[in-house]
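The chains carry the letters A, B, C and D, assigned in the order they are written, with residues numbered from 1 in each.
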Amino acid sequence: MIQAKRHITLNESLGADIYRLSIQAPEIAAAAQAGQFIMVKTGMGFDPLLRRPFSIHQAEGDEIQILFKRLGKGTTLLSKLEAGQQLDILGPLGNAFTLQEGPCCLIGGGMGVAPLLFLAQTMRSRGTTPHILLGARNKAELMAFLPAFQALDGSLRYATDDGSMGQRGFIIEALPALLAEDDKAKWQVYSCGPYPMMRAVAAICQHGWPCQVSMETMMACGISACLGCTITARNTNRKGGKYLHVCQDGPVFTADQIEWKS
Amino acid sequence: MIQAKRHITLNESLGADIYRLSIQAPEIAAAAQAGQFIMVKTGMGFDPLLRRPFSIHQAEGDEIQILFKRLGKGTTLLSKLEAGQQLDILGPLGNAFTLQEGPCCLIGGGMGVAPLLFLAQTMRSRGTTPHILLGARNKAELMAFLPAFQALDGSLRYATDDGSMGQRGFIIEALPALLAEDDKAKWQVYSCGPYPMMRAVAAICQHGWPCQVSMETMMACGISACLGCTITARNTNRKGGKYLHVCQDGPVFTADQIEWKS
Amino acid sequence: MNDNNQDLRVDIGGGLKLNNPVMTASGTFGYGREFESLTDLDSLGAIVVKGISLRPRPGNPPPRIVETACGMLNAIGLENVGLEAFIKDKLPYLKGRKCPLIVNILGDSIEEYRHLAAGLDQEEGISAIELNISCPNVKKGGVAFGSQPDLARELTSTVRQATSLPLIVKLSPNVSDIGAMARAAEAGGANAVSLINTLIGMAIDIRLRKPVLANITGGLSGPAIKPVALRMVWQAAEAVHIPVIGIGGISTWQDAMEFILAGASAIQVGTANFFNPAGVDEIQSGIRRYMRENNINQFHTLIGAARGGK
Amino acid sequence: MNDNNQDLRVDIGGGLKLNNPVMTASGTFGYGREFESLTDLDSLGAIVVKGISLRPRPGNPPPRIVETACGMLNAIGLENVGLEAFIKDKLPYLKGRKCPLIVNILGDSIEEYRHLAAGLDQEEGISAIELNISCPNVKKGGVAFGSQPDLARELTSTVRQATSLPLIVKLSPNVSDIGAMARAAEAGGANAVSLINTLIGMAIDIRLRKPVLANITGGLSGPAIKPVALRMVWQAAEAVHIPVIGIGGISTWQDAMEFILAGASAIQVGTANFFNPAGVDEIQSGIRRYMRENNINQFHTLIGAARGGK
């Protein structure tokens, strides 16, 4: 894990307020595993104060890449940065997806697709071809990240909430059918996306399919120093606590570790 | 007085951390008088929180210009802005230099030269040719603003603290000699610069020459709402108070209004 | 969509109804006129003017202000023109505006407060009195009122007897139990409480090795204090039955909504007037938009809506 | 120039000498190890670890933190591993560091505090105890100690009797008279006071219309609170004769110098560790550079240097 100011090599607007930003960070690129994240200082002053967490979208050669959506103060500042400027980053942080045997399905929605590209690439490099299901609000959002997934070979399906591209509706609707295609196999499901989507994925998978989800919470430090990034565990853990810390115990959890809120 | 977001038309680095920034602001340009200032919001967040005051350096056609030095957070943010971006400005604010009959001398140091260019231009347009004395720390700083003054015709002298260009030492040392050149005339002296410089100018001028100085203080509002921008008056004023408010009663004062601190 | 479907009127106690809940905070809006070309004075919920004392006050020596992280410190020392000049020079203009005028008052003794309230009671065009019991910059008298419930109650009831105008008591945050202070004001006869005034803070000039402010300490205001102010408004709303007016770091309509949902019937914008003089307009239209988007027609139904089980 | 001309050593009471005045604040630096690859632990003035209670605590339900303007609110609820696990799992690593270790303790009763202090007293490798009497997140017991001088004094003297380690009492800012609290700690036998802990604040989610934090209120920390912290350190230094340790929003070496000039013998860096994990190093070298540029060789001569006439 390092903390350093590193050069930005690319900051590209992909439409729908989504950006792809690459950073020269050989140590992080070398160490990074799919599912891990970095914490980024988005501005020079104290407002916003805290670093912002972003999943590693790709790690290749000397560079890592994040995919982010402009939402509030921090991401607005990030969106204005240009190649050649420096960015203060901390990472790689958190655990990673655990690669398991068997056919696998990656299901992501919105910015949750960010870590899934890295995961899919890792799987491909190990000879596995994942089935990928992607959801977006509309065509503009989908087109911001779809091409990167299309560059991988393998099966790819997508949906948009408004039907402007691909299937209309939520992409999770495609999951039961996919799992049923080969219902004797031990499907591995990997998911990252909005909370309700992951909860629905978890509900489907509880009928026998191992499922890993990547969770989000507010984070102050990313390095397990503040204890702020908790989510509630389904079971009391071996330490006697009932909370999980997303930056340390996660961000990737098995779906059954989590107490899903309705 | 207006408050509005307006386009930047130029933001030029002049060396020595000094910048010249022009803004499309026809209402301010039309209303502005030499000695007045604007308040600028330098960033989008709450840090820095307050607007920053800058003298109007030039006002021509639809544009006003400020000349500023990068010192802290606010001016660092300003220095990064580019033509085409918008800037939230408030102005014109404060009183102005009062133009009087007789030979006149403008004496400025450092960023204090900013309002003096506008003043000299105003005088020239009314047929008066001021004598201009400029001081800077060194050649780099002097060269950041000297050319604009050289473009005016008239008498111009300058000094640098380190002697790297022009006379060595403080430019005020040239003031007594200048005033003595025509010691029967009623010289009008106009000054803006570091506090010790203006105090020295005031001390020289108290022997009979009318002197106007442009003062600086911390300002929160610029529009006489916070009452924070006080300096101490030499005499109790007619309202019974002993304080002057730089944004309302100034920034230009006659040197004898002020209680100079040693 | 028709803006007029949203009814922003609100009652802030003692019979005073505002057309909308957005006011300006004392000491941050001059005597109103300073902002006439920058914002629409007539459409404000109310203007609260700079604190007035019986006699004019010169205020503290400079430096009086310094910027801090997301905030500022001030030690103006309650410079003001005094009651007489206020009535003669400032009131006529303010009376001409369509929005209610609230006069903030301060004194060094209970007697002085009583005189002030009685003096203002005689004047036309004043909608309410806001009693500043909490100025941290005045070194005698005043401070004690702001941190001791008994004194606050005594002061409130004295002023209460001197005027029939609606009476708002403005509370200091520099106490350990804000609820007790709010209850004291209510018991003394206040029609509403407003909070918070500034937190006491300081800054040091490390080059000169002395405090930046001539007064050593000053009052902290601005976005930095918003979380403390919001918590105190929440607690005060729990403690009393009279309306609570929220103040402290409010700079956006979202900030204003937080205070309203916490239990504030109305809010005052302070430091934000300095860096965003049109902010009060933006806050008002933001609240209206929030109501429209959430299909809420009556503003008052939002007051305290975040308190739920509480 | 030779760095070694600057002597940054400082005595913070009870015989505890630090190599330099820059410590980490409790709850913001984990148990130290989390930062081992990010900063040089050995060169810290001291590490103050996360508050330890007698038994492990799970802490509050989420959400526990929220960002505010130049600050953050936390309602961690004092989650910690408990005394036994601390001694078994955390202490061995910490003992191996070259810098002093200060253990922050908290309890729900005087008894619990006494047990904790007595338990730690048995252990090797602990340089001092910091008594947290001011946690705003624990709903019973704790809070009262932090705002009442009598209770604070009683608690301090009980702990004082249970340990021979240097004892630092950490004060709450949520009081009207911080000087009285500092004096109470001194009277109870504290070797030093540290301040401030967090200010109580809150935030509301205007979309969900409920408090953001599950605990409703939380502790405000970060640059936003620095002016309040600095003022309280100034007042505490005036009130007591024991060393004062400054905490609150310190993020740069300039911030640290303000506290030192105000009267702090040493400082603790809290929230800044989150956004700038190498900040403690930068602060230390900044202080050293300031001393060099001002020809000051002995750090202790800077303590309170802004107090001048005061």
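Basically, contacts are C-beta pairs under 8 Å (C-beta built on N, C-alpha and C of every residue); 3 or more make two chains touch, one makes a residue touch a chain.
Remember, predicted model here, so these are calculated numbers, not experimental data.
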Greatest separation from chain C - chain, by CA centre: A
Distance between the centres, which are taken as Cα means, of chain B and chain A, whole angstrom: 54
Inter-chain centre distance, chain A versus chain D - centres from mean C-alpha coordinates, in Å: 36
Chain A-chain C separation of Cα centroids, rounded to whole Å: 46
Contacts with 2+ other chains: residues of chain B: 46-48
Per-residue multi-chain contacts in chain D, two or more chains: 69-71, 222-224
Arrangement of touching chains [line / ring / star / complete / other]: complete
In the complex with chain A, residue positions of chain D that touch it: 27-30, 34-35, 37-38, 50, 56, 58-59, 61-67, 69-72, 74, 76, 79, 81, 222-224, 251, 271, 273-278
Contact set on chain B toward chain D in their complex: 46-47
Of all residues in chain C, those that touch chain A in their complex: 69-70, 223
Contact footprint of chain D on chain A as seen in their complex: 1-3, 41, 46-51, 90, 217-221, 223-232, 239-243
Residues of chain B touching chain A in the complex: 43-48, 73, 76
